[in-house]
Amino acid sequence: MSGNTLGTLFAVTNFGESHGPAIGCVIDGCPPGMALSEADIQPDLDRRRPGTSKFVTQRNEPDRVEILSGVYQGQTTGTPICLLIRNQDQRSKDYGDIAQSFRPGHADYTYWRKYGLRDPRGGGRSSARLTAPTVAAGAVAKKWLREQYGTTFRGCMTHIGGLAIGFESWEHVPNNPFFAPVADVSAIEDYMSALRKSGDSCGARLRVTAQQMPVGLGEPIYDRLDADIAHAMMGLNGVKGVEIGDGFASVAHRGSLHGDSLLPGGVGGVVFASNHDGGVLGGISNGNDLEVAIAVKPTSSILVPRATLNTAGEPIKLITKGRHDPCVGIRAAPIIEALLALVVMEHALRQRAQCGDVREGFPGLAARDD
Amino acid sequence: MSGNTLGTLFAVTNFGESHGPAIGCVIDGCPPGMALSEADIQPDLDRRRPGTSKFVTQRNEPDRVEILSGVYQGQTTGTPICLLIRNQDQRSKDYGDIAQSFRPGHADYTYWRKYGLRDPRGGGRSSARLTAPTVAAGAVAKKWLREQYGTTFRGCMTHIGGLAIGFESWEHVPNNPFFAPVADVSAIEDYMSALRKSGDSCGARLRVTAQQMPVGLGEPIYDRLDADIAHAMMGLNGVKGVEIGDGFASVAHRGSLHGDSLLPGGVGGVVFASNHDGGVLGGISNGNDLEVAIAVKPTSSILVPRATLNTAGEPIKLITKGRHDPCVGIRAAPIIEALLALVVMEHALRQRAQCGDVREGFPGLAARDD
Amino acid sequence: MSGNTLGTLFAVTNFGESHGPAIGCVIDGCPPGMALSEADIQPDLDRRRPGTSKFVTQRNEPDRVEILSGVYQGQTTGTPICLLIRNQDQRSKDYGDIAQSFRPGHADYTYWRKYGLRDPRGGGRSSARLTAPTVAAGAVAKKWLREQYGTTFRGCMTHIGGLAIGFESWEHVPNNPFFAPVADVSAIEDYMSALRKSGDSCGARLRVTAQQMPVGLGEPIYDRLDADIAHAMMGLNGVKGVEIGDGFASVAHRGSLHGDSLLPGGVGGVVFASNHDGGVLGGISNGNDLEVAIAVKPTSSILVPRATLNTAGEPIKLITKGRHDPCVGIRAAPIIEALLALVVMEHALRQRAQCGDVREGFPGLAARDD
Amino acid sequence: MSGNTLGTLFAVTNFGESHGPAIGCVIDGCPPGMALSEADIQPDLDRRRPGTSKFVTQRNEPDRVEILSGVYQGQTTGTPICLLIRNQDQRSKDYGDIAQSFRPGHADYTYWRKYGLRDPRGGGRSSARLTAPTVAAGAVAKKWLREQYGTTFRGCMTHIGGLAIGFESWEHVPNNPFFAPVADVSAIEDYMSALRKSGDSCGARLRVTAQQMPVGLGEPIYDRLDADIAHAMMGLNGVKGVEIGDGFASVAHRGSLHGDSLLPGGVGGVVFASNHDGGVLGGISNGNDLEVAIAVKPTSSILVPRATLNTAGEPIKLITKGRHDPCVGIRAAPIIEALLALVVMEHALRQRAQCGDVREGFPGLAARDD
């Protein structure tokens, strides 16, 4: 527990600060016998890392991950896996003048009140940089789930600020710096260029999905699969909203429209006529794709002057210099894939624990398609 | 853990099924020395209980709570508090024909696949009836938080199906069966009457807030206050979306608009010029009101015939009879108040554990207003 | 967590006080599909219950257990199982005069200091009566482990006060009120009769074993199987020492004697030449019988006058009347069987979670004998 | 959870293998604002580290600890503290021939059965080397407890093999390589020299104590303070027995002897006439010194040939070469101090969480002496 651990059976404990010597995580509970090396993890870190386009922070971090434990002769041993990423390009002097003031929209004030002190360098622990260890851990979960169930995870951006991007195809996502599922991103580039000139920032909406989901993951009350997904997503910096399936659009739905009908077919003997519920029924996965959307607020570090207080309690005007993403949502797709994978991984192990010998299903069909 | 417990330090373990002998919960970790009797809990249960208007299920359950442990001479002792509610008005025969079929939008299929068997009577454990123990536990948390910090919790309905209710005043909420914050609910009554005639159901949007919040509750990564709120809310039956503060509207915001400026004033030396962030910064409460909204999907039990499968895997048409809420969101306000209170309670205790001796604040002011 | 829960995957949350309306527990995480009724639980409760011989407390409690949830049509559903035992024979007046004083060796003083108040009736929550829910939960774990792996649990008394009982055979244990593994218990009867006349009490030493153990249960560091066994045993009222295998005798052993040699044979291809390690190597079960011993201190409620303080801080002399066991160890055998079963159950589920697909073993043999 | 974490509020997650690149731990939940640097941790690591006398393993590890996170400008920030120790003197070739065989008394067989594979280099994760991160974390807990409550922790060896060392004074402990509380250790030196010549190993008995204990730490059932102490101690490599207070000697005690009488006096208004209970009553600290003893089994790595099996299931004779402690108990004193401090730390934070506002005590005295 104690706040910085995600999961219980596949437990990821995150540590580090933006400008400290290193960041990383320990994964406790990884099943043994899976082939694993840094090469399995680095690609997702590279997708998330800063400095890769002019639309994101120019901080130059190679984000090279080192496996310190839990792997022997290229295989997971079942013991804790420590993943370490050394910080390289700290410019802590950029943050000298914010040490004595509270940036609006930032965690400066709340950390100061909670702990009585704070590490102001680059936001310390509240920096989005701390999502890197999450991405690294997620890569391990993704690999296991893909090998075990064929489950895959994909995220993309669907709205940037006031601009609706639309969805054409997943195949476009790797081909542009915005993780946009469209072929032509010139409108996004224009939007972002204008935004950068204004010194302001904008929010974003993203979508993440899991396909080939095992059926039966989740708990009936409290630790439902969708509840744990919401926890993971809302725990990401700047996220202000989470939807499963049709989300807030469900409010205006009639039950006769919303409920996903079961039809015969598929590997397990059932397919759904629709997916308004986003792959979860009663907190438990139904085999449909998991469909999750999040809202990311605009970056709080902007060049537009803001009213705030300093640590003496005096009103001041503040501009946040330094190297920042004008839209933190741009780099969020690999992070929410990782978060979704970590939640599914946790529940896959829980399901094995409690229901590992359940062998039920439609008569005449293989008992479980997972 | 194991899925049916909410919280770690103020840990609420929920048990029971809709048509079993009893439902209830055990609260472990309640601070000692608080005056507590059934009279502190029953009012919130009465707000939630069924059968109180023609717009909700007609099941007649008194929902009388009994305190079985943890209270001595009218005071909490610090030991586990077991709260028991006997089921009274089970009509399990209503559910005879759904035992062999999977209702669309219900947990029937996922329970059957997860556990290999299920209790079909009234939805078994997936019934909304299981929110009663949550409400009971929430009443204990509410009382402690009110006495300790003056924190109060209020929920209301803001949209029912396609009808936007608007917000006039909290004072109207107790005066109508919809928990609507408006004086005139005739439009809602007309809407619901038409819906009932159609045999269909609708969704709802609700809002819940905590006022007089202590500053500093929450953890930096993963177990953020907003993350745990999202977990609790999305863990409620039928919830498909959660927002903190401006939620999905934040996507289109500019940073210069969204970030809440700090101004001098108030008990702790700071007030915020706005509350776009809904009371949480960097996962930690900032003293602003917590502002949370949820989307509830339409009830899945409807009289409109639906395509589905039976347990033999054969396609059938299904109508769900029995006694159901045409809009489960109507009775949700006391539940989301309870859930919010349970999350705040948990983090209040965690904060005392780790930071109980932090004595920082603006110079010349009392160190903490909490 | 929060102190009154044992286990994480098979999580038993205990509630109640000696003289409150009821005691009980909630089991969260029980695998579904196991036949279960009160008849599976009651026999172990009957073995533990008071009033069955003149050598134990004369409190008359039928200890009838009621299953309130988690079982449908005689099968576990996978949802929480609440087990309730109503208290019947409270005589709280017996405890009137101890409410204002601290009995030596009892938890009176520590509860008062911890919580600021305490329930003095029958020791409140510190009463050995609260072991009944543990025994009930243990009966569920025992049944599952027996059905799944053939594992069985047996406890007996080996020393009572200064009297070494010796070990003849497990078959004698059910035939005398002392759980003594000997045919002739007249020496014990004489010893206890003399003790009762003296108004004093004595300690005991017990042994508990698990046979037909699956291999591989336990974690490498901290949550080792033996660590969790020690936690469970030392968590029992009055226990002051725990041994695994040869225990304290190991201190004087040479390594050449102590290490248990592996020999070919058995179902899994290995048998051990000895069992000095008590069935655990490196924190993980090796298939040998689990061998555990505990020391129980003498009952603190005695008729011999003792020096102590009252709640005003004044020195007084105290005699503890009421109905007490002169040796609480006498009824401890079913309790430590239950505790051992609960720990093994927890680790069996953990093992399935993490290593459910491990299929290694000696070439030419079935991969796992569990 | 997941096995390699000790504690919930002060949660220490241990990672690493004996011959991997590094070992270490992450401490989550450390209170903020405490001065901390490597210099606070290194002395305890130096007390534990190998190669410091001819009576312990000659592996030469400087065990230099590096703080990677959670400290800013010399103060703990309240965020996770990662402590890293690079391995230096690995000689994995020493272990080439044990990769295909199971050393008696070692975890080789159980790891192989649990995980399907194992890291044989130096025992991998089952090596006593993994106690170094525990010692490092314990140093942080010790510092906080000393500053907060004045609590101090001391361990020593009282028996080595068949040799009873006795207890003269704590002041002798740092002056000899055996952590023996006696001035003249020549008998121990002779004993150990003879043992080394024989190629065999021996066990040990150690004692650890906490002084100036706060009152009220511990939970009533299951997570009692003594239970968590037993868990921590039995979780240490090679420990086969744990005692609190008089331990197994309590079996032969009468209640009139064993119960510790309360007398007026002291800071909190009470002193105890004796300490048979070792500082714990009803699972909760009573302010008396914590008194704990453990039994450590003889080292399993010996030069005496042993019968065992190889991974093909064939019987072989095995000698364990490499660099080993002939008595692992010799270096255990700093480890058990650390373990005791970690358990007390955990419960100190839990106590603040639940009972932080309890203000009870004897009339006319300061409410709490902690």
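Lettered A, B, C and D in written order, each chain numbered from 1.
Keep in mind that, in the parts below, a contact is a pair of C-beta atoms (placed from the backbone, for glycine too) under 8 Å apart; a residue touches a chain by one contact, two chains touch by 3 or more.
The structure presented is a predicted model; accordingly, all values stated were derived computationally and were not measured.
K.L.:
Which chains, if any, touch chain C and chain D both?
P.N.:
Chains that touch both chain C and chain D, as defined above, are A, B.
K.L.:
Are the interface residues of chain A and chain D largely the same numbers on each copy, more than half shared, or largely different?
P.N.:
same
K.L.:
Determine the centre-to-centre distance between chain B and chain D, using the mean Cα coordinates as centres, and give it in whole Å.
P.N.:
So the centroids are 44 Å from each other.
K.L.:
Taking the mean of the CA coordinates per chain, how far is chain B from chain C in Å?
P.N.:
38
K.L.:
So how far apart, in whole Å, are chain A and chain B when each is placed at the average of its C-alpha atoms?
P.N.:
25
K.L.:
So which bits of chain C are touching at least two other chains?
P.N.:
Residues 1-5, 8-9, 14, 29, 32-33, 78-79, 114-117, 125, 220, 350, 354-355, 358 of chain C touch two or more partner chains.
K.L.:
If each chain is a node and each touching pair an edge, is that a line, ring, star, complete or other?
P.N.:
If you draw each chain as a dot and join those that touch, every dot ends up joined to every other.
K.L.:
If you look only at chain D, which of its residues touch chain C in the complex?
P.N.:
Interface residues on chain D, with respect to chain C: 1-6, 8, 14, 102-107, 109-117, 125-126, 130, 159, 161-162, 200-205, 215-224, 226-235, 237, 239-264, 268-270, 273, 276-278, 280-286, 295-302, 304, 306-309, 311-315, 350-351, 354-355, 358-365, 368.
K.L.:
Spell out the part of chain A that touches chain C in their complex, as residue ranges.
P.N.:
Touch list, chain A to chain C: 1, 8-9, 29-33, 78-79, 148, 220, 349-350, 352-358.
K.L.:
Chain D touches which residues of chain A in the complex?
P.N.:
Per the touch definition, chain A meets chain D at residues 1-5, 7-11, 13-17, 20-24, 26, 28-29, 32-33, 66, 68-70, 72, 75, 77-82, 84, 114-119, 121, 124-125.
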